[in-house]
């Protein structure tokens, strides 16, 4: 945070599905950015200022001025990756390397900016069943700042499957791994260091499911924003013992 | 391989369950080391010589001479970790740091030698149901030598659950991640570099299930032995595309 | 920090050279722990409380109570590694895995606790000339919290040479690399994650040279203590551009 | 190696300095690619076939057919990075992700293909004095296949300085670190895994100095080609003890 004393987050959303698909609008009537921004405000309180930017704004809302005042950018895109202007991608890319954090969400794995930073195809295995399927998110790095206060595991009742092989560079830090009801696994919480910037990829969530309304998911995104900006929330030091306390955890399979 | 032209593997087994439990003896009448050794011979053929050593032999069969002639040691132990003499552990430890490979199998996560090398508790979450549960092993590093020729995924019908958090140092290379029917995940194929030695931890398999008779599992162990000894089997370069070719893979849940 | 609101650091020193060698006493009349503690207090101010413990105290000053109230332990030892009781080593080891930070300084590379956590020999190349030689410490990770506010490079006029190969596990994060006048290099600033604990190894400094009086070195140790405790000092986000700004930096070789 | 039984290396060189600067032509009368190719042939013998390609050839000599028959591509460029066609860069990029190895040499750090794969600026500190300065290359991973048979250290009498901060992603494996007479350090031997491809960056050597004629440098490039293609040369397992055997190594400073 450049001297402001507050973490300045810009929540970017292509905001396309929400406007053209009734099923999505029902879940996210004010756009997916709304619960993402809400969660950041609830979790980080007075320590954060949140701004929203979307694809249809001039320069997609990501002018030099906006980026200069952004400590962390969260990114959700899917249907319109190609409509993001290359000049804006280069600008965001330069700003990340210069120290801005980036939280890439779900289908942002195929966004221009994420692929530009990774250098790989970022392809993955996926399956989209109507109704979705259960995703269970496990912390494999319980003392990582992004895992602070996060239940072990997080259960998402209905979600699109994203699975391995996920063609990313070996993550510099691996925080979460998911399993899906179909049996797949996914490295869904990955940290990367590029230039002076920190990047976090987080697998949830698809536009078809109300995952961004889930408080645990909002908590992870808030933790990730703080981590990307090198801000440590005041928390007790976590314990690896707690992470495995519940040895006989078993998902109900009714 | 120290000039011999052949990969020299010593298969170590505590060989306790097999002798005192009828249920185990039925699965492994000649000890778990038998199918492990057989798999190595089948996969590596004339390129390997395999020797077996067990807990009850003098110095557990791991004398200075044996270790000097061993390129890679595989280790299975569970019931009798405490009976392994500290002097032998120190000897094996020194030999690993000096360049011998170590393939630690399943419950070897709590063996003295593995914990000595890792420096952590190596605790994990586990559950042992009668009959076990389905484990699905996914390759997250398809171009890794240990994954060559391995199906994506490997399915083990019945296995004991090992899950996260697994208290190991961050693996230097992560090759396999498993899911279990109960919903857990496990970093079950991990590479570590310590001194001049290479170490591979592989999650399968429990004494109660015939997992070491499964050819894919034997293949992984053979690949791991070759990798630990820096021997590359002659194989085509793998492709990340193949690893995700079957996008709609779905486990039957009947 | 467990709720106290303050970072609680225990500075441990074997305090042997300072008492028996006149040359060392002249440099560190109150023991090496004195300038280390001073630097922590100056850099972290009201955010830190510092306690000192030494080898000759009962249980080396590291009772269960002391460790329970310690967020980060710094460790300097050399002449008397063997005199550290195994029971205390096991206690510190367990506490690190449970979340306490450890900053291992210079010859602590061969301390029981550091070797216990690493699992390797921790041997290195070294040379001790009377008068020492110039060490130059370069940041290779300019956005790392431990590098914040640290000049690029730090120059230590007179220091004992520690060089590669340094037999440690591959560091989870590499922050500093040193060169020595003799031409050697050394990974002298290394981060490790073990259990819930964070460990930082820092190469400077030998008892024969006044390195712990150098403010830049004190700054690194303070940063490391904060990082080990997951406390981020309020600082501007660093820039990789600044790290290379001075392209024609050239050491005077007069 | 795709079934051929031979490692197929394509040595790419922009071949510009050699033709327009007399000082370079004297050192590399047949182009820098000549000693690079020679070294590969001498070190790998019958196990390798080497092809050369240069900037001025149609499609820079890197057609689909050539790439399809290339297991490892070595790349040297400097003056004419911008003249490399984007379409060829995209083709090479796709081929690397599909499993071809890439050995990026010296000023290739700013080549389009290397920057494309890294996702960062790849900037570094540098200094070019007439006459150059001494570079000393240390192995920090003595059991790595790329370090096999390489002296500890390699000394290059005259070389351009490349120093930190080098703005690359954290290397997946770090093999060599250099020091320079001016006091700088450089992570000059770095491995990256991207898609199914292996990438090695190697710092030496500048066009103004005869470094590619140096057998140790040729050995590293041959080892790197073998490693990138997952071919292990038949060698004894190295020892970390040897790596530090010569404890009182000291560069003559006459």
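When the chains are written out, they are named A, B, C and D in that same order, and each has its own residue count from 1.
The working rule: contacts are C-beta pairs under 8 Å (C-beta built on N, C-alpha and C of every residue); 3 or more make two chains touch, one makes a residue touch a chain.
All values reported here derive from a predicted model rather than from experimental measurement.
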Chains touching both chain C and chain D: A, B
Chains in simultaneous contact with chain A and chain B: C, D
Centroid distance [mean C-alpha coordinates] between chain D and chain B, Å: 35
Residues within chain D bordering two or more other chains: 97, 121, 141-142, 167, 170, 193, 195, 240
Residues of chain D defined as touching chain A within the complex: 97, 116-121, 167, 169-170, 172, 192-195
Contact footprint of chain C on chain A as seen in their complex: 1-3, 5, 71, 97-100, 141-143, 145, 193, 195-198, 229-232, 234-241
Contact set on chain C toward chain D in their complex: 121, 123-127, 134, 136, 138-142, 152-153, 155, 163-167, 170, 173-174, 177-185, 187, 240, 243-244, 247-251, 253
